[in-house]
Every structure is written in C-alpha cells, then in structure tokens.
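Below: one structure, written as structure tokens.
So that you can tell them apart, the chains are marked A, B, C and D in the order they are listed, and the count of residues begins at 1 in each.
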Amino acid sequence: MNRHRGYLVLALVAILAVALLPASNLEAQGSKGTVKIATQSPLSGGQAALGEGIKLGAQLAVEKFKGALEKQGFKVELVPFDDQAKPDVGVANAKNIIADKDILAVIGHLNSGVAIPSSEVYKEVSLAMISPANTNPVVTDRGYPNVNRVCGRDDVQGVVGSEFASATMKAKSVYIIHDKTPYGQGVAEFFKADAEKKGIKVLGFEGTEEKSNFDPIVTPMKAKNPDVIYFGGIYDQAAPFFKQSREKGVKGKFFGPDGMDSSDLTKIAGKAVVGMYYTSAAGPASELPRAKAFVDEFKKKFGKNPEPYAAEAYDAATMALKGIEAAAKGGKLPTREDVATAVRKTKLPNGITGDIEFDSKGDRKKALYFVLQVASDDPGKWGNNKIVKQLAIAAPAAPKK
Amino acid sequence: MPALFEARGVTKRFGGLTALHDVHFAIDQGISSIIGPNGAGKTTLFNIFTGLYGADEGSVTFRDQPLLGLRPDQITALGICRTFQNIRLFANMTAIENVLVGMNSRISLRLWDVLSRSPGFRRTESELAARAVSLLDRVGLQASANIVARNLPYGDRRRLELARALASEPALLLLDEPTAGMTQGEASALMHLLRNLVADLGLAIILIEHNMRVVMEVSDRVTVLDHGEKIAEGPPREVQSDARVIEAYLGKRGAAPRTRGRAAH
Amino acid sequence: MDVDLLIGIFPQVLLDGITLGFMYALIALGYTMVYGVLEFINFAHSEIFIFGAFVGVEVLLGLKSIGLLDGLPWPLVLILALVVGMGASGLLAVTVERIAYRPLRGAPRLIPLISAIGISFFLQDLIRLVESLWRNAFNLVYPTMDVLNLRFELSETIDVSVKSLVVIGGALLMLWALHLIVNRTKVGTAIRAVAEDQAAASLMGIDVNRIISLTFLIGGAMGGAAGVLFGVQYGLINPYSGFIPGLKAFTAAVLGGIGNIPGAMLGGLVLGLLEAFAAAYLSLLTGGAFGAEYKDILAFSMLILILIFRPKGLLGEVVRERA
Amino acid sequence: MIRSLIAVALVGLSALAVATFPRSVLVFLLFQGSLLYVFKARMPDPLRWGLLATSLLVLMPTIGYFNSYYLEVATQVGIFVALALGLNIVVGLAGLLDLGYVAFFAVGAYSWAILGSPHANVIFGGETFPLAGWWFYVFLFVGLGTAAITGILLGLPVLRLHGDYLAIVTLGFGEVIRVLANNLDKPINFTNGPKGITPISRPPTPFGIPYGEFFYFLALLIVVAVIVVNRRLEDSHIGRAWEAIREDELAARAMGVSLVRMKLMAFACGASFAGVMGVLFSAKQVFINPESFTFLESIGVLAMVILGGMGSIPGAIVGATVVTVLNLQVLKGFSLWLNELKNAGVTVLGYSLADLPTQFEPAKYERMVFGIILVLMMIFRPQGIFPARRRQRELAK
C-alpha cells in the first residue's frame, strides 16, 4: 500500500515537472534578451514590513525607468527574493541569483548579517549589488568592485548625530539605547564614541531585544535624567520605547538615526515623539519636491506610506537601471562585469535621497545627511517634517589592513 | 554466615503515610514469597531493594555490601534484577532486543570499540546474541525473538520480562506478581520454570504473589506484610494458619485465606 | 556606585515587575489549563494570545471609525474589547484543538507538540494575511485612550499609570474568576476529574471531549484577555510579537508548577520581577559590563535551577513515579 | 529487473533534464526524487549503491558546475542532514526532547569563527590570528570536541528531567547560548555581538577544487561519517540502551542501564555532529552572527527529524532534505514562477495575474505553508516519511 502511494507521489512530481517546464522558459520569446534586477530582502517573518518596503521601492523604480532599456529592445523584469533575514537562506538565494544569467544587478539586503556572506557570492561573478540599507562599515570596507550602497554608514551617521547633539542640542548628557542588531548597535556605538570625544557625558548604554515592555529600562534612565536619549534602531521598536518613556515622565529629548524615518513612528508613539530629531540621508517630502512625488506615487500604487529604505531601494534600483543602460551601449546585452563597472561610475544627480555617486569603495561620495524634526503627531503629516540641519560628509577611507 | 541478601529495619514514609515500618527480611537461597493485601507495601519494598526509592531508616545488604544509596543500575550490576507488576517491557523493541538490554550491565565495551567495530566488539555481540537466544529458549519464546514486544500475547510478555531480568545474570531475582493474569495452567508452568532456575543456576528468588495456590506450592518461605509491617514469616503451612494473617486477609470473621487472589486486573 | 539611585528606583522597578508579572501570569494560564488537563504544551497559545490582541485592536479601531471610542465611557470600551477578544481567542483555541490536536490524542507526546508548532506558524501568517488585506499593514497600533495614560505621581521617582492598574486589576479578576470556575462549579469539577484520569472521568458519565474543548475555550479566552491587555499596555502589536511573551509565559507556568493556577500567577510574578530587576539593575551594578540584555539569560538560568532542584515548579506537588 | 531499469532511466533522464532546464526547480526535485526511488526500490544492492554514488559523486558536482545554486542547496541539505542525524540520536533514539539543539551548531561555528579570523586578535592581542587555513581541518575535530563537551555540560544538570521539562530547559539553554553570542562583545569581546565575525578563513583545498565543490564534498564526507557512526551506535549496546531509555526510563534503570552515562553520551554524540557542521558552516559562510542560531532553527531541525520518522536514519536524511529543499527551493521557486507569470501578463480565468495584490505573494507565507505541512503530516502520517524499522536478527540455532 504505502509503497504504491510513494510511487504515485513520485509520478505526480514527474508530471508536474514536465507540465511546468515551460514556465521557466516563458521569458525567452521575442526580444533581444531579458534584463532582470533582483531584490533580496526578508519578505516573510518578523522583519517582513521593512523588507517589503525595499522590494516595493525597487519595483516602483523599475516600472518607472525601464522604458529606456525597453526601447533598446530588452525586456526588463524585477525578481524578488525572500532572504528571511537568515544568512544561510540569503546565500542560497544568492547562488540562485548568479545562476540566472539574466540577472544583472541585485538590490539588497536589509540585514548586514545577510548582506556580507551573500555579497561574497555576488563577487564570484562580479554581479553588481546596490544596498539600500546595509550601513555596516564592513560591507564596503572590503573594497569589492561590485558592492555599493546608497545608504549612509553607521560610523558617519553616528558622528552626524553626536555633532548635532553637541552643537545644536547643546546636550550635556545622553542616554543611549540600541536594539542589539548590527545596524542599531553599530550606529549607537559610533554615536557614543564621538559623543564622548565631544565631552558629552554618556549616562547609560543599553542594548535590548525587547519589543514591547521597556519599563525596566526606562526607570533607571528616568532617574538619571539625561538631556538627550538616543535610540539606535528601527522605529517599530523605538516608537513604543519613546511612548512608554514619555508616559513614565522622562523629560529628555529624543533622538535617533534614519531607522526612525517612518510615519509609523508617530502613528505608534503619537505626541511623545513630536519635536524629536532624527538623522537621515533621505530628504523630507516637504522640502524636496521629488521626494514628495515619490511618496505620492508609492501611496497611489501600494496604498500605504513607504517604509524606511523604500526610497533608498528606489534610488538603488534607479542606479542599477542607469548602470545597465550605460553598459548596454550599442544595444548588446551587457556582461555582469560591465554592469558592475558602469554602476560604480554612474551618477544620479537627483535621487530622492540626494545626489548619488559612488567612491572607489562603493560608498556614496558625498552622502548628504539631514537632521529632521518631527512636526506633528498626525502620521499623515510625516512629510511635513522639517530639515533642521544639513551636512554633506564623505565616507571615511577604508581602515588600513 | 550472613545471608545473601538482608534487609534490616526498613522504614519508608510518603509524606504523612508510613508505607513500610521496621521491616526485616532475609533470603539466602530458594524461593521466598512476600504476600499481603493490596497496599501492604510489597512493591514499595521491591522499589527500595532495587534502588528506585531510598529508605528513611534501616539497611539493605547484598553479599555484605550495603545497597541503600546505590543507583538501580549499580544494584543490577551487583547481581539483583527484577520484573514489574504491570509489565514494563521496551514496547517498540523486539523480544531479543529486550533481552539484550538486560545484559547491558555485563558489557565492558568502550565507545571506541563500538565505533571501530573492533574484533572484541564483534565477538561480544555474537556471544550476547547467542546467550539471548538461549534465554528466550529457556522461557519458551525463541520463535518470537524478532517480534516487537508490544505485539506479543500477554503471557509471553510476562515470560519475556523474566528472560530480560535473567539476562543480567542475577544472583537474586525479584519477581513482582509474575503470574498475574495468567491461567492456572500457565502459572503452574511458570512456577515449574522458576523451580528449575533455582535448581540449575542456584538463583535466589523473591516473589510477590497473590495467587495463593502458587505461593503455597512453590515457596520455601513466606513473609506476610500488612499496612507496611511484617506480621508473619515462616514456611507456607505455618503462615497459612497464622491468626494474624487470616485476620489481615479477611477481617475479624476469620477463615483460611482464599486460594485465589484477585483475578487479572 | 550611586546607592541613592539604586534605592530610589527600587519601588518603581518593583511595580514594573509586578505589572509584567501579571501579564505573564495571564498568558501562562492558557498553557497551564491545557497542560493540567492534557499534559500537553500548547505551543500555539502564543498565537492565540496575539490573535486576541488583534481582535481587540479591531474592536477599538472599529469603534473609533464610527466615532464611539471617545463617546462611550472608557471602562465600557475596554470591557467590550476584552469580551470580544476573549471570545474570539477562545473559539480559535477550540477550533485549533478540534482540527490539529484531537486527531492526535493518544499519539506519542512529540506528535501533537509538532502539530502545535505547525499551527503556531500557520496562525502567524494567517493573521498577517488577513490584516494585510484588510488594513494593508500588519503592525497595528492600539488607539490611545487618554484616561489610560493618566499617571499618579507618588513621588519624584515613582508613579503609577492607570494602564498598569488596569492590567493588574484585570489579571487579578481573571485569576479569581478562573479559580472559582475550576474549584467551585460543576464544570470545574469535571475539568479536574478529566485532568486526574480521563478514562475514569468518562466512566463517570463526563463527556471528555466536551470538557477538553471547554478547557481550550477557557485557556484561549484567558489568552485573548491577556492579548487585549498587552495591546493596551504596550501599544504596538504584530503577528509575530506573541512568540517571545508566549515563551516567557510558558517559562512562568513551568516555574510556578505547570497545571497549577496559583502557580501560574506566582511563576509570572517571579519571572516578571526577575526580569524587571535584572534589566534595571544589572547595568548599574556592573558598571555597564553587563546590561539589560542579560535578563533572558537570568530568567532561563533560574528556570533551569528551579527545575533541577524543584522539578515540579514552585507550587507543583512532587509526583511519585509509579513502579 | 524492471525496477533497476526504471531507476537507471530515472536518474539518467532527470540529470539530463536538470542540465537542459537549469532553472526549473521541479526537474531538480525530480532528480532528488529519483535518488529516493533508487534508495527505496527493490534492486540488487551493488546497482543501488553504484547509482547513488554516481549521482552524489559525479552527477551532482557536474550539475553544480553549471549551476552553483544546486550545489549550494545540496551543501545545505548536507549540513542539515548531519544536524538532523545528530538530533535523531538525542530525540529519536534516546527520546530526550531537545529544543535548543542549534546551540551546539553555534558552538562549533564560533570555535572556528573566532580563531580562524582576525577577530581573535581583539581577544588575545597581538597579530597572530587568523590561524592558517589548514587549521580548519584540525578545527573540525576541535569543533566536534567543544560541542560534545557543551553537550555534556548541558546534560549534567538536566539528567533528572524528562519529557516536557527537558524540552523547556533545552529551549532555555539554546536561547542562553544565542543571547550570549549576541552579548559577549563586552566586557571582553569574544563574539563581536550582533555585528558578527568576518572574514573567517577558508582552508586550502586539495587539488585546488573550487570552494563550492569543496564544501559540497566535505559536507558529503561528514554526512557519510555521521551515518556510519550513527549506524554503529544504533546497532550496539549503546543504541539499545538509548532506545530502552526512550521506551521506559524506569525499567531501563532497573535493567542495569546507567542513565547518567547513556544520557550524557546521547547529548555528547548528538552535539558533536552539530559541532563539526558548525565549523564547516562558518568557513563556508565567511561571516557568522547570532542570527543563524535562533530558536526557529532548532525547531526546523526537530521538524526534519519528526517529518522523516523518529529514530530512523533514512528518515532523518529524507526529512532534512525535504525541509531544506522546501524552504530553499519549492516555495521560492513557486513564488518566482508566479512572478514570471505576472510579468508575462498571463491571465487565469479572465483575471490578469498582474492585478493580484502583492499581499498574495507566496514567498511571504512560507511559514504558513510549512505550518500546514507539519500539521497535515502529524495527522495523516505521524510516524514520518520513513518510519524506523526494527532490525530482524538472523538467529543461530
């Protein structure tokens, strides 16, 4: 009995395999070739919201700018991959990506922990990777010719933050919380180091994976009464933290990196975060018309506000397309190496997140950093946040080996 | 000369309940039965003898070595093995594997022997298998060697448990109601087997038994427990007519103990 | 070391710990009820709990959209959310039992446990799917009710929010109600009988399946209540955020003696206090060498110690092995 | 005879199909299915093992040469097979439910990651690290030993616990190891915390084999070793003692089985397999951080064991393959396929797939599918795909 059922299953698989074979060959018809851009970000699990933002941002850009390539006779597609925020899955996907010769660029990842091992795979075939979110210095400090990022670096952003805290906020003391992720802890550590250099007293430095209940962390913090509270992390954790802090009567000013940049921050924390500052590489919709256009378009298409990194992903995908266009001069399907070289040289003067141009390591030549202030407790008015300060900082040179 | 196995003043309490009180017991050879009404503390006594429970007071010695405080496997290694009232075979293992597990305390192979399949390992394994077969043969189960224990008929399971206990080469065997649920014929056959074991191997056997006919037929000595205390001890005939025993079994109205205990449960 | 600071924050940390503890206790009840009757870890309880939170937020958002959130008196709103959340979670728990556990009764223990893990994954994504379709988002924010955010300042470093009081009060009420149900009603007697010996209970004319469903209903409802209170207290929920509190609550249940209702409360409180104190004091006491992030290590280490030295938990009776 | 022919034809054709349609997930599944057929169907043993060896030693690397993705999948399958076999000893044979198994994997991975990367200089000072690549081979054994010792350290305090209590303590233990890995960047920086350790050295490969193939063959070699060890343990007094403990702990004790020794041995053996694979994993990935060692991974490995059939070696292998392939290939493949259909503007029953809301993308619901499979398996085939079979002994008369 059982054996027969086993054979039945096997036969079924065989039939399915044959029946679905054509699916993988669908794209081969009627054009000079297909150009694919892959995204890799977590689409399932706890970090799916951010990962989806990356995918949707890239999708928007591809749909908008694929025209130029299509005119040359190429078919342009976006292929989303789910890395589940797991390094081993990311690497397996990466191998799958490099096996598909049509894929000429990758937009990803969300987590540096996934990006670093995966980019080792991309490097094998010189496949261009443009990261919208990996701020870990290691990503580009390895000096791979195919690895770039449109986002800032933890070390820079932390310094921008401490600069602002000391010069503008006139902070005498800070209390630093981070989320124990490579991103959050990274930013927080650089902020801490530079703040100490500038003579700001660091009253506390705590990491927590907690997502809901911040009471026990808030209590000692409140007792120490810092001027500024810096949260290295993402809004979905920071917002409840800020909210609970204010509710418990914490008086210090709130401050954070670009992980705060989401209307959900005010949706969750409401009045608690009005007036707080955050650093960001992306300009606010209120002051940059193209950013506003992006937000509107995104909303129209997907029915929600863009998550953090959606704008970066949009820019990253735009860069990828421009790179491919440049490499495809003459109407021939470019090689991956050509694309990687072209991407490194591409300039995007009017990206949503500012002027984009890569340096020799793949960092942005002059990353523009803004310090913004939350204007209102109405999530719908997130776009009204004002630039308080603007800094253009070049990425630091790679550390000597 | 001291007895092979001796328990002195064993007392065991569970919370406020005294399950055993100052029990003395000794056996040197032959078959000694422990009888008594339900809840008299017979199985508790076995559990103490085999190291599953500690005792609150008293001492237990085997070949002059104190047993209290030893782990069950250490006690088995010394040469005491048992069966259980409610058959505890390794249900998803075959009959022969059950017996082989019983030999565990007699195997001195090291991990490396197992991993490298050294000649010593192979020799030992084949010896063990041969011995397991002969043990199964002895209890009449050779044909069932490859049958998974849970698929054996009830009587066979009882006998398999006996074979498994014998596998550890005990000098003292503790049997907890070995004939429970058996027909009179099966029970008699088993008793015959036990007598043979005593005769062939020089085993000493302690028996907990409800079947009075069996007890009277097979025992050299009988010990009677009631409410955790020993109330009588001696040759079967003597005990049978002891007034306290009759009272314990039947209340004050008095009569000889029934020859059949409770039926299969 | 700043001794004044250490002493100064003590009462506040104590209070935080108690609030958290009651939250754990409420979630733990669901585990404990089911374990007490079936000796089975209902791994999906963390999702049943978070499902309650989602139903609660939908009720509140629904009221808000028809303008009643501020119109109705807040206790009524809260009770409405609680009742609906409890009902929904309870029914979900019963359904899960029917579909995924009942066919497996009598199988080796690992089997229903794996099934429960499967259900847990399934429910996480199901909630996500439904909410993404319905609201185009699955990180949902509890609407604030101003009354709940009121604080009573007892001293400069200590204050109590209405929310915490609601959580503590709600939890106590549930625990008391559950205690009454289990110990004072006919249904409770039946539940205890089934827990003691299913076969005997069914011989006594008790419909074992019905009682087990009922147990899941009650346990699920407690989880739902905990979910709503969780949302009210902490403000943000997503389909995956039940997992960690669920794990902790399960730890609390084991700590107190799983299957034992007062034990769940005690275990929750112990765990809550331990976490609160570890998170608040570790960093202060070690000069920053160890911080709040070690609270989980402490919690689990204590669990291991308790289980080694008192395997049936703080309040569980030590069961004899039957030879 | 017919079966033998079918088997040869299946393997050959499916391998050919994989070469012809390099991107179709389904033909690769067919290839895997044909291996399963070869393993199960009645045929002469030399043919069976010959076919399997050819497939694994020749066909698979050849396929991988043209499409390294398959090789990566195969390598990961190998890693998880070893993990599943290790957990199979603990859970399947000895009946000790371990929910924190991935901790041992982490111990192995970190042992090489720390000393095989410049990070060790942070701990010990100086410039001596990373160790030269060939140390990797030594560390395969160091990882094994370290994990085994960790297994004993976990085993010691939990000896008295069983069933659900053991499960919850091991779960706690797994979390403790992960949280430690995440936090031991201060006061002394052992693990570099969430930022992880990179670059981790890779060993020099014999004959200059490329790393993709190298890790595949190494994983295969380890898996074979693990299977042999597993088989030998199972067919010995140790294996019988484990099973006796699983069946009835109290009776096992009374029959002279030393619980302390046997349980510790089970934990140590199970852990050591994970430790070896951890070392391989860290070198393969070049980078590791605590995200690879979450509770979900432990559950995943447990699911493999149970799906395949507890206590069964072929079961553990098949379970690990099914779960890994499902996770890496099937659902993703389905998503990609749907995506292609969408891009191609295909309509189904007059409904354009391109209009399908993004909420319905299958890739987002991998956990849901995984959950459904677990539940259905438990309800309809709880003994697993390949239930453990009792070995029938030849009785000398």
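Criterion: contacts are C-beta pairs under 8 Å (C-beta built on N, C-alpha and C of every residue); 3 or more make two chains touch, one makes a residue touch a chain.
This one's a predicted model, so the numbers in the text were calculated from it and none came from an experiment.
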Legend entry - Contacts common to chain A and chain D (chain labels): C
Legend entry - Chain of greatest Cα-centre distance to chain C: B
Legend entry - Between chain C and chain A, distance of the C-alpha-averaged centres to the nearest whole Å: 35
Inset, instruction - Averaged over CA atoms, how far is the centre of chain B from the centre of chain D? Could you give it in whole Å? - result: 45
Inset, instruction - Can you check how far apart chain A and chain B are, centre to centre, with Cα atoms defining each centre and the answer in Å? - result: 71
Inset, instruction - Could you put a whole-Å number on the gap between the CA centroids of chain B and chain C? - result: 48
Legend entry - Residue numbers of chain C (touch at least two other chains): 125, 128, 136, 288, 291, 293, 296, 321, 323
Inset, instruction - Spell out, as numbers or ranges, the residues of chain B touching 2 or more other chains. - result: 52, 84
Inset, instruction - Indicate the residues of chain A shared as contacts by at least two other chains. - result: 44-45, 48, 180, 207, 209, 302
Legend entry - Contact set on chain D toward chain B in their complex: 229, 232-233, 236-238, 240-241, 243-244, 247-248, 250-260, 265, 390-393, 395-397
Legend entry - chain A residues touching chain D - in the complex, by the definition given at the top: 3, 6, 10, 13-14, 16-17, 20-21, 23-27, 43-45, 48, 52, 56, 77-82, 84-89, 91-93, 95-96, 98-100, 111-114, 116-117, 120, 124, 136, 138, 142, 180-182, 185-186, 207, 209, 302
Inset, instruction - Spell out the part of chain C that touches chain D in their complex, as residue ranges. - result: 35, 39, 41, 99-100, 103-104, 107-115, 117-126, 128-129, 132-133, 136, 247, 250-251, 254, 258, 288-291, 293-294, 296-297, 299-301, 303-304, 307-308, 311, 321, 323
Legend entry - Of chain C, residues touching chain A in the complex: 5, 8-9, 12-13, 16-17, 19-20, 23, 125, 128, 136-139, 141, 144, 149, 151, 153, 157, 159, 161, 230, 233-236, 238, 240-241, 244-245, 275-281, 283-284, 288, 291-293, 295-296
Legend entry - Residues of chain D that touch chain C when the two form their complex: 91, 97, 157-158, 160-161, 163-165, 167-169, 171-173, 175-176, 179-180, 182-183, 186-187, 250, 295, 299, 302-303, 306, 310, 357, 359, 364-365, 367-368, 370-375, 377-379, 382
